[in-house]
């Protein structure tokens, strides 16, 4: 099994310098099994090449830290911002998203040189407390791209009939324990929602505010592959009545009949084709599928507020999983599962909440302010964290978001009901 | 000016029979200026031919009332359900939406014969109280299609370089009175939202429930054409920072630079090209445009709950427009404006609320239950009513919904702010 | 049966005035069974509304004759050229081809008024010998659109699940007589090709020139529906080896498994769904299909030069069908079949010749010169004439042309072989 | 300058073994400057990755020689035929053409191992005279892909804003000498066309046959960049009258205003952006452009028969360029120009002949027979050879073919006129 941990010093980083070093190293460790060619390809518009993720995260540091805050800093290569800017309109022109996979140059090793250069240049800035919030944003940003790097390369390898493997073992999914079955119930009332207090959070997690909830219960278990098999066996993909209108059109046009990456009783993983575990949480489903399954099962999806209320421990039972005890991407590879189908670490969980601004939300000023607010139309919120989420990146207030047809992330579901 | 009122008995209908007669007559009065060819064409997938609206509403009566509740009823033509079903999966196959405009047969006069036939057959059922709720649904359904008939034919006529006119005068828009300027303020707190008590409402308007609001204010005025001119003049359509990401892509791909139907200082109306009134409410904008305008103006869009809270009269000032006093489609044509830019009757007003189910919402059983719930992804809620909404069809709890790029309805906006 | 002949004076027109009157009357007779709505719809980009055909042909007379050659003539409506110009770039802007089906105005009766007006205005010009060639071009142009009107409305009616019929009887196809079987053989040598001598011809039929032929034979019979059934039964549509590469892609992408308009043992006709006659010539096939059939049968398609050489009577047997004795659209409706599967009158016959200019071909000057030359890429030549070709419009030198995937015309095939 | 010649033994190969060795070595020499990532990317459906070219040519040898003719041969990797088959339907399934650029595996060095393996295994077969024709086909096939490898990587590098260079110098284009100006005239008559006698030729070059020509003349010079500048300056790309109808649509939809790879007075080459030489032949134009230019210049394109008749030396002057004396890809890189704008070695020259079978053409049996015949619809023939054509691959009877909009090859034009 791939063991990049051996190459990276382990520590519980309390200072930024150590977190910076570990985060930067993890990106490179994740890409270590990739050839220059592997790191270049792009299998769909939604995905980006691994090389691009390595470069774009570096562009962030070079642009918003070094360029803006280090006098006399000169760009490593003046032409690269055009290649590695993603969607920051305020930062100027950039290549069309769909052509990222044509950038055979700069080569992977050149990008690694750039990374090393930027890391060295960052050293004097890293302890500057006034830059602390910006650095924390950069670290969170890089962690997001670590997860995308993994899901994007999985999608790319899946296109290859030779079914390449990144690692010897797939990212682990917890096997649900039967004695863990039950519901987290909540009596309703006014709940506190959103990030508050210390620590980093994205702008979209605030402001903290009140939300009125009706009594409800949230399943303590994730829906499993085996339960999804039953949905399929019952004709779930052929019954229009179960589906949202847009979902049914998506099913018909794309001939959808199973989660992504499924084939008979196997599924494609970072370790190639593997037998599917019926007791493991289902992943790689779209919102449309999650919603249809919930209808079929006679339940519903939770709102993001219900999910957070439970996660904050206001519900019962109180044994909610600690965000740091579940499965999540360890420093650089698959970790030992913690067991139990926790709120964090197996898969992102769809909520029925559209991705919209919280009351009194206001984007930050400048290019960094383009960060999250501008995606607030047409998407749904997912909560939790997946097996590909870097450890330390998850929060009870974290809001992930995707369009209702997207499913190349480790997306699953947890049912809810009115009580 | 076209005066179909003269042809239809005016009354304040208290009984279903009278409302049925008036509603059915209004559909035909709206279509009266159309030739068979006018009533056949379809100018985009979002729109339907006028003939189809006349037939589809009739299909509703024939299917859910006559077929299901009148013993021995035989279909007027057994092949027509295939042509005039819209999206009710439970009712079987139907023609592809994009080919509705190829149905030159049945001819308009044949459809009018069908309407007369169905109206006659409906007579014995209309006073059956057990069918009351279904009949009310059918009436509300037909009123929805009356508005669509008007907006769809406007879009179709707009494609014609000869710029045909339906009427001698455009549907009226209230000229905003300057002394009416101000904000409806609300102190926040728990508001009651959703339909309750007597009278008809669509399933998506309930269940009634509580919603927690923060203090806010809602403009008493709609944004006007003149204000929109200022937005354009300030480069509103060229500043990416004002736009949602999907909105900016939509602007660029479609070369959007003004509301739909605008050309220089004129706009296309049901009476052909007319000079634009700067003091009238802007219409035919998308959610993307409404959101960008609000950002530009330094305000935001209201949530649908804020809008409803004001409409329910819990805010101040209390002089909220009665839903029946504003401009709205009179029985069969343009009405005299009531003045003031009311909550109802000028245009549908975008909210920043995604179209989602209320707590404990459950669709009705059977084909009728496909009605509203299955559209709950990717759309935004609009509140109020437009100049093309039939009088009597609007409610404080009414939830209209469209995708964020759509703008062929009479859509406008009313700003909100935190207080 | 529809008998429009009764309405139109029959004569063998030797003078232009009579031919003009008959041709103009035939267009209107063909459209007589159509409602305003029927005449408005457009079922695909390749097709045009009947109303458009009636208007466009009239636009030709008004533009190139009345406007250009009649002093003080004023346009019937100045806005109509924009609507009814087709592809003449030199004549200015025009509506996008795909939106012709949205022109519910001008109404059919308005176009008929225009036709009557133009016919009256044309009277003084019709005997002007200097305008003779231009008038003959206008007549031939109008005849082309008569055939298109018929094939376009057939395609449009086919989209309608109600399967409307234009006439009581389909256009007739000759039943092949078994004793007529055989080959027209040709010894090869230098053949004379192209129009020469008197009478009208399109520019693409000349200049007359020499062409060297190798010995060959051309079937005296058209391929029949029954033979096509055998091709299907033998898996013809599933054997990639029989198909051109572009053809195979077309088959796969469009799920092609039979000629257009086929369903089980019926086919859609101008008289609605009718039982297919196995002995009648197959029609509504693409070049791809014709070529695949010929490969399957062990023969090939003829070149256009071979076809013309036989048609000119240089081959044997000499009993080649007279172009005026086969089935062809009589003045205004289905005619009695002449029998035998003639070179003319059943269907257009694909040749393996690309549509290219003859040696020393030069387009005419001005807008009229845009006529045929600018289509000389990517298309194949068809020879003969179909049952929908107006009588008098066919010639031995006539070159029809379509893209290899198109098949909404009455297209069939006649096999050839080397000898 | 890149000098791969130094690495490859030079000889005038008279025996197959030497030709095999040189051809195989040239493919690898051409790819030598490429990284694994460079060799993986695919910039459009028309192009293929360099790695795919290297693999597909090897697949040809392994399939049609080793598998079919060497007892007990085992495939190097059983999964690779699926990846490296191109369009041979008879050889089974293959990956969708548009996804070739996602094959980051097998890696470039693995493909080179495959090549070495196949080369070794081929040794005992290479002198087998019965396999001679098949081996010659394999060599010609590999040479075709050498040219495509060069034009495809040029297209891919062009997409990269960093503008990578393959070599230090661009492929050379002859500077036209002014004293070489003139016309090759031909008196007309029956010409012999097509391959005959000894030596290899593709199936589409035969059978040899007679063709009747009218008197004509062919320019001794290729159209130059400078002449094309004049065409642009005169509004050539804005005058619809100069263009074929499909060509004009292509110009408008794609905003075409210059040959591919042009920018101001530079053009993109295998050596990156270089200043354009006005005296060098224009390249990278489509058939549509070639045809429009000829119309603008008052001439026409030659037919492929005219071109061949001149090339065969039947015209005058007799000093037609030897196919082996012009510019052409030397063993592995740019060569010294021979001067004069020869028939061979500067660019492929469009003819006005559609790509169709010669009289009595019949495809070979089996998968190899899919070679050329199945592309005979919709394409035009080009004659000559370009600077990227491997030396020894050109012939007077060679028929290259492309769709009329394609222009990523080194395509140019030579004018003709009637005499």
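Per-chain residue numbering starts at 1, and chain names A, B, C and D are given in the order in which the chains are listed.
Throughout what follows, a contact is a pair of C-beta atoms (placed from the backbone, for glycine too) under 8 Å apart; a residue touches a chain by one contact, two chains touch by 3 or more.
Just so it is clear, the structure is predicted and the values come from calculations on it, not from any experiment.
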Touching chain A and also chain D, the following chains: none
Same-residue or different-residue interface between chain A and chain B, half as cut-off: same
For chain A paired with chain C, centre-to-centre distance based on mean C-alpha positions, whole Å: 60
Chain centre separation (chain C, chain D; CA means) in Å: 39
Rounded Å distance between chain B and chain C, as computed from the means of their C-alpha atoms: 47
Overlap residues in chain B, where contacts from two or more other chains coincide: none
Chains that touch, pairwise: A-B, A-D, B-C, C-D
Touching residues on chain B, where the partner in the complex is chain A: 87, 89-90, 190, 209-212, 214, 240-241, 243-248, 287-288, 291, 352-354, 356-357, 359-360, 370, 374-378, 380, 404, 418
Contacting residues of chain A [partner chain D, same complex]: 35-41, 43, 79, 82-83, 95, 99, 101-108, 156, 159-162, 164
